[in-house]
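Take a look at these structures.
Paired with subunit B in one complex and with subunit C in the other, subunit A is shared by the two complexes that follow.
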Partner chain A sequence: MEPPLAEASADRRRFLGMLGLGAAAVLGGPALAACSRRPGGTGSATGADAIKAVLPAQKPMNPLAKPDIDGVGIIPDGYLRYPSTLVDQITEKPGRGGTYKAIAPWWGPTPPALGDNEYVKAVNADLGATVDTSQQDGSTYSDKLSALMGGRDVPDILVAPNWEVGKISRFADGVKALFEDLTDHLKGDAAARYPNLASFPTSAWEYSVWGGRLAAVPFPVDGPFAWLLYYRKDLVDAAGRKAPTNIDEFYRFGKEMTNASAGVWAFGSVFSIVQSMYRCAGSSESGWRKKSGGGLEFKYETPEYRAAVEFTAKLFKDGLVHPDVVASKGADEKQLFKGGKIIVYQDGGGAWRGMQSEQLKVLPTFNMQPMPLFGVGGDPVLHGTERPIFWTFIKKGTPKDKVEEILRILNWCAAPLGTKEWELREYGVEGKHFTRGPDGSPAPTELGRKEIGSQFRFLTGPIPSVVQTADVPNYVQDLLGYSNSHIKFLEKDIFAGLKLELPANYAKLNTPTEDKILDILRGRRPISDLDVVVKEWRAGGGDEGRAFLEKALSDNGR
Partner chain B sequence: MTRSSLTDPPGGTLPRADRPAPSTVDSTVRMGFTQRLRRDWPFLVMTAPAAVLVVVFHYVPTLGNVIAFQDYNPFLGDSAVGSFLASPWIGFGNFMVLFEDPAFWDAVVNTLSITLFQLVFFFPLPVFLAILLNSVVSGKVRGFVQSVVYLPHFFSWVLVITFFVQMLGGAGLLAQVLRQHGFEPVAIMSNPDAFIVVVTAEGVWKDLGWGAIVFLAALAAIDQQLYESAAVDGAGRWRRLWHVTLPGLRPVIVLLLILRLGDALSVGFEQYILQRDAVGRQAAEVLDTYVYYQAIVPQQWGVGAAAGLFKGVVGLILILVANRLAHRLGEQGVYSGK
Partner chain C sequence: MSTHNAWEERPTLVGRLGKGGTLVLLVLVVLFPMWSVVVTSLASRKTIDAAGGMVVIPREFDPSAYLSIFSGGTVTQALWVSTVVTIGGTAVSLVLTTFAAYGLSRPGTLWHRPLLFVFLLTFLIAPGLVPTYLVVTGLGLKDSLWSLILPSAVSAFNLVVMRAFFMGVPTELVDAARIDGASEWGILFRIVLPLSKAVVAVVGLFYAVGYWNAYFNSVLYLDSSDKWPIQRILQGYILGGQSPAVTGNVPINLPGVTAYPPSLAVKMAVVVVTVVPALVIYPFVQRHFTKGVMLGAVKG
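Up next is the complex of A and B:
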């Protein structure tokens, strides 16, 4: 503890005095309001015609014969037998020895890094380049994304999920400032140099245009449903019960399956699916729909949403939701579900196959299934989109030959089912990461599960298809059975084909409003407070968003 | 302590030790620059790394505060610096947004209540622990206890909170034991009213031992002869504690108190963000999480900088006031008042 220093502190005091003046000026701020302006962008919309002009020409390509089960509409086709011979599709090495940093989301334990990962080594060897993918927690990815972009510190290859970009204000400005314009590389027939990318459906490319320029490579959607409601069919069967078929049964089911003293609760997170059951809107910019008298209304403003909030709050109140899910942001619902601690939870379509395959090794009776959905007072309204799952951006300032190298690598990553590249990307090296079953289909080994994450699989996807493998028997029938029977409930996106950059005031409302609704769901605020929340939402930017979206619709004649 | 030595001008700190009386200042001034440099260069070299750290990580980023007065768009201009120049100036627009937002004031109130609560229920504890440890004669016992209470300081908040959830959470040890014996468990970790106690308990568990280190050092510096004289004069155990130990600790306590007050609007970040969903925004939103959710996530950088500036200014005012108060009470405080 040295004594403070006389002279220096006198200087410091003068300095502090100056700061004090600054403080006074700040606190006197309202007086200066007259010459102040509030921050925030006003948003922008790109019309459908401007988008059509820059799209690649589609050239369908599929090395496989007719599928065993046709997918309805945008549902991928299903194959019940793994292809016996694989095509070596890309004979020339796509890479030229370049080294690229990539960042992609991943929902699972982080696989070992580049140096200790045999899978990454094997794929990089086949690519002839070094792609070093950092995999970031998918559930908080928008936070990472906004920090990376705000700091102008983006990697060579950046993957952005479609549901995250709307949360970032001025995303279009960011795309222009930070990412390479790919129009000249991919427009029209230029795309033919990357045949796998050129095979993507045009609808996927339509969404990859910002400011009239093609700015990203899409990952075509492989399942249109935003959420599935998974349940542990094995445990439900063992308890002698059946999946519920209406909302009252759903509640009773929750009561019957909860056994708190044994550490088992019926539900994890289910609110999004409950909204679908109550027929809330959710597909169009997360919840707009046309009012019968003209104009738009958001889900918060509808009686359907209020009913869904009431029902979900009751589930929390009556103790049917696992306390860890109640108590934390990062409750690992997948772990709880695997362990049979929760019976029902909502998750994306991507969760199913991996978990089923992994858990069958642990528990031979393990059987997770999507619960057939029902509506309250009509058919359920399922939320989803035809937008690409991810967009892959290339850092601005990358030299032309490097951009081409990256595009060739992405083309490799998009190799479809039936190629050797597809198998290497999905399953790794035979004998190391997977073994081949009697039917020729790969089954991942322990090493495969550990090492394979989203390193290459999320950089861009192939044209979607699903194939049966021995590690998940019946998966293709189950998935396509569910998807084909539920596609008719999918709500249409009224903004489909438009590129919307939402006003900043509206975009920033998302988290605060959802927080308030969370308070209501958890019983920390009464249901009646929903009116207050909606009022605050409208005043804080909701009405501004509505006016913007109504104009975008009318400008495009919808 | 660390703070005051860090913020001193690099050249001035060290030579001062060898010129205690003001009369020698004149001779220093008369010395030429080269002479002084020749004499002091080892000190300058030794201070350089710290000075560079302060400049690079404190002073340079401070310039970024200009975005509090801009509609800052990081994507304008050609570079990070270019975007400062290209972003439009909007006067106090960001502050208007901030001060009109009830959620901001909720966060300020939460932060201040937590600070106050912790000043009363957390701040004194390390003093007690230090006195307690200091009175333990056996070196072995003392060493053991010290290691045990220091250890949690090195755990991350994620670990600490997971530990608390596993113990006291709705599906934790306590709740399951109660359930198995037919009792209805009480919600501890997800109860907004208990939140302030829970975070303080977590803080105490994690940092109690660490906080005691400074006081232990100060205790060691108290002249043993004072105790002996007091004992000779017939002072008992409590009298000695009251008249020797506590006055000996007082400068340190006051110093740390002032520094803590300057940080009144920062109570931590991870600890709160991790438990925010459990108890809700209304209980767990503190200024730092507010900035994160309102500014960083939706990229309202200007508003975030405005909140940061507000925090800095309030902290500064609190330090000045507390320091003046300390002088009134005859303490030296963080810096002297002359």
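Up next is the complex of A and C:
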């Protein structure tokens, strides 16, 4: 899914480039101007059988510490307290003294470089190798990736986030030309040499195959839901109300919680979740489902979607949505939600813990919770994905023994909760980077916060787990409670296990079409215009995408 | 009958109050955010939480945010890098731009029209990201501070401004110098440049501000964080704790990222540290700036 701002920033860059004026253009202009990017080609698909043939044999690992709450399926296990004893899992040093350059994204203050960083020194000492990770700005990472791959100048280890690879033209060709084929190292039982990697879910590996070859080590996703519908439980309780349990109550709830004269509106953006309530086809984020008579239909073409549009447009029309959200696509809904100006809005799972922790310091009663979801005429249909968060690639031409050394290092980085390796990777050295609280859980020191970034944390992830921390009491119970009860609504992805590079015409349609639909929701265009929008979408590449995807499915006997 | 013209009459009290009030309002609009940034950078966490964000009324003087950013060494190092790049880069740019502009301003210079055309072409056609990257790495500039200077050393816009200014220098002066036996270099250094201090200052300021604020080239060409300029470090602080789930609604959880966001005071302290040098230097160049704009306005 492309961040909504990406389009705008590309336009700004083109604009600056065209002008060629001003300080920005003086220094950044030519390079920025080149950042408008184009996914290329007519698309390509790798079949499920070809993918299955190269996957590692999964060997689940017994948890080193018994979870307090088991996660269902791919939901991470929950721990209410930090493990009291830690296992020294990897006794033999994974490194053989090699020196490797890695590049990974990072969102935060830049930690000191290799020479001045005690954390990096400590981890490298434990690894028996020198890994020098350059932590690049996560918000411009696709530009960096484009330059590195276009310039054929990749480091020994390169981390690529899943939402960025779609922006790189001919990424699959780049993978083949620039990165080592890991199939022979990891296929089948060969993966057993790297037990932590072999414990990753097969679904994570399925997404790491390009052109029928295993090309990357995945970073398994730690939460499958694309969206949660957050609401301010503290404010709702104070108003003597309850979370709605059906769509009519949801509308009434909106009416009752909106108090425009006090500057409070019930809703921010909710359309994605409303689609789930109306059981729109999503098939993860792709939006396609099989028609009963054969072939595929896109969500825009279904009556469920039209009903979701009509309902959401009514929320806008009846003044239940905050005017900032009505006026602009880029309203800061988080800030409005924190300030109690909106009561309900949709956001990713990553927003929860940080916001709750931050706001509890300001308002001790602050309580944001995901609203339990309901469907209209059946269960809700939730969209999500098991696609890994990152992929880690190894530079092509790296000698076999060095590739093995890097894989052993990645295996170290994937050590799960309950190991000394996990603690060192996550928190650094006790006494320097963290101190232990009375319950045994590590609390980072100033040095820890300063020195630890994505150096080793993002190289590859461990099997995810959630541990309670004192700053957000009940988080683990709340998260696992919601996730475990909603995982059954997660839609089965009809394309699961296929590797799709979508046709360019189809891939670029998403944002402009969604913008047109946003206009309909806001009442700037009549609802009857939906037919026109769908017609334009079909002609602009929608039908081309359908033909491509139908062929990919039939080629795989689905 | 009044001895003054109508437009020389003293404005009414209401008029003066209106003007004064508007000016004060405009100044406040500019100063208020700056004030708030400075006050927040000096506020304790408690005050920031109580204010629910940016602080307006100072309650205490807490320099811990400044101590924190200067203790790690990355900010100090980045300030040093930015200073070197700004001073060095501005010098390189001024030398190259002055020579090119002077050459192109003299009629009859070898190929001056085609060369000018090539310069102007860069207004319209920007090289692509990958070609530029290939040139920079091919020249061996990767991970070197030169990669922040050379790719943007000459701006066609500044070159055109300077050339136009040089063309305005009276030919009589140049001819007189030539009759007195001055060489082309002598004419440039002893006649044209002393008359063009204003434009050199203005173009120098453009370049300096550009280098100080430059960010993107360091993203592309510098991997070692000890060579990153201050804007790059600032970006890290401002984005601190904002995973992509926060910045772009990419619906994922990212372990570790949101764990320890830097406090607002620290973010604002970095903003202050970044902005202050430009604020300090600007008044010194500003008099040339005004002179440059006004020069020739009342000639005749």
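In this section, the second predicted complex is superposed on the first by the 314 of 558 C-alpha atoms of A that agree within 3 Å, B and C clash if a C-alpha of one lies under 4 Å from a C-alpha of the other, contacts with A are read in each partner's own complex, and residues count from 1 in each chain.
Just so it is clear, a contact is a pair of C-beta atoms (placed from the backbone, for glycine too) under 8 Å apart; a residue touches a chain by one contact, two chains touch by 3 or more.
Nothing here was measured: the structure is a model prediction, and the numbers come from that model.
Student: Of the two partner chains, subunit B (first) and subunit C (second), which one does A:Asp143 touch, if any: first, second, both, or neither?
Tutor: A:Asp143: touches subunit B and subunit C.
Student: Of the two partner chains, subunit B (first) and subunit C (second), which one does A:Gly151 touch, if any: first, second, both, or neither?
Tutor: So A:Gly151 meets both subunit B and subunit C here.
Student: Please work out whether A:Ile389 is in contact with subunit B alone, subunit C alone, both, or neither, and reply first, second, both or neither.
Tutor: second
Student: Who does A:Arg449 touch here: subunit B (first), subunit C (second), both, or neither?
Tutor: After superposing on A, A:Arg449 lies in contact with subunit C but is clear of subunit B.
Student: A:Asn510 in the overlay: touching subunit B, subunit C, both, or neither? Say first, second, both or neither.
Tutor: first
Student: After superposition on the shared chain, which partner residues are touched by A:Thr85: those of subunit B (first), subunit C (second), both, or neither?
Tutor: In the superposition, A:Thr85 touches no partner, neither subunit B nor subunit C.
Student: If you stack the two complexes on chain A, which partner ends up touching A:Ser554: first (subunit B), second (subunit C), both, or neither?
Tutor: Neither: A:Ser554 stays clear of subunit B and subunit C.
Student: Taking the contacts subunit A makes with subunit B in one complex and with subunit C in the other, which residues are shared?
Tutor: 1, 3-6, 20, 22-23, 26-27, 29-30, 32-33, 35, 143, 146-147, 150-151
Student: Spell out the part of subunit A that touches subunit B in their complex, as residue ranges.
Tutor: Touching subunit B: residues 1-13, 16, 19-20, 22-23, 26-27, 29-30, 32-33, 35-41, 142-143, 146-147, 149-152, 167-170, 173-174, 176-178, 260-261, 263, 265, 322-324, 326-330, 341, 504, 507-508, 510-512, 515-516, 518-519, 522, 524-525 of subunit A.
Student: Given the complex with subunit C, which residues does subunit A contribute to the contact?
Tutor: Answer in residue numbers: 1, 3-6, 17, 20-35, 101, 103, 106-113, 115-116, 134-140, 143-144, 146-147, 150-151, 153, 155, 161-163, 221-223, 225-227, 334, 339, 347-351, 353-354, 358, 361-362, 389, 426, 444, 446, 449-450, 454, 457, 461, 464.
Student: Using the touch rule from the top, collect the residues of subunit C that touch subunit A in their complex.
Tutor: Residues 45, 49, 52, 68, 72-74, 122-124, 126-134, 137, 142, 151-152, 155-158, 206-207, 209-211, 213-217, 219-220, 223-226, 228, 232-233, 235-237, 239-262.
Student: Mind listing the subunit B positions that touch subunit A in their complex?
Tutor: Checking each residue of subunit B against subunit A gives 1, 4-5, 7-9, 12-13, 16, 70-76, 79-80, 83, 90-97, 99, 103, 165, 169-172, 175-176, 179-180, 189-190, 192, 218, 221, 251-252, 255, 273-282, 293-294, 296-303, 309-310, 313, 316-317, 320, 332-336, 338.
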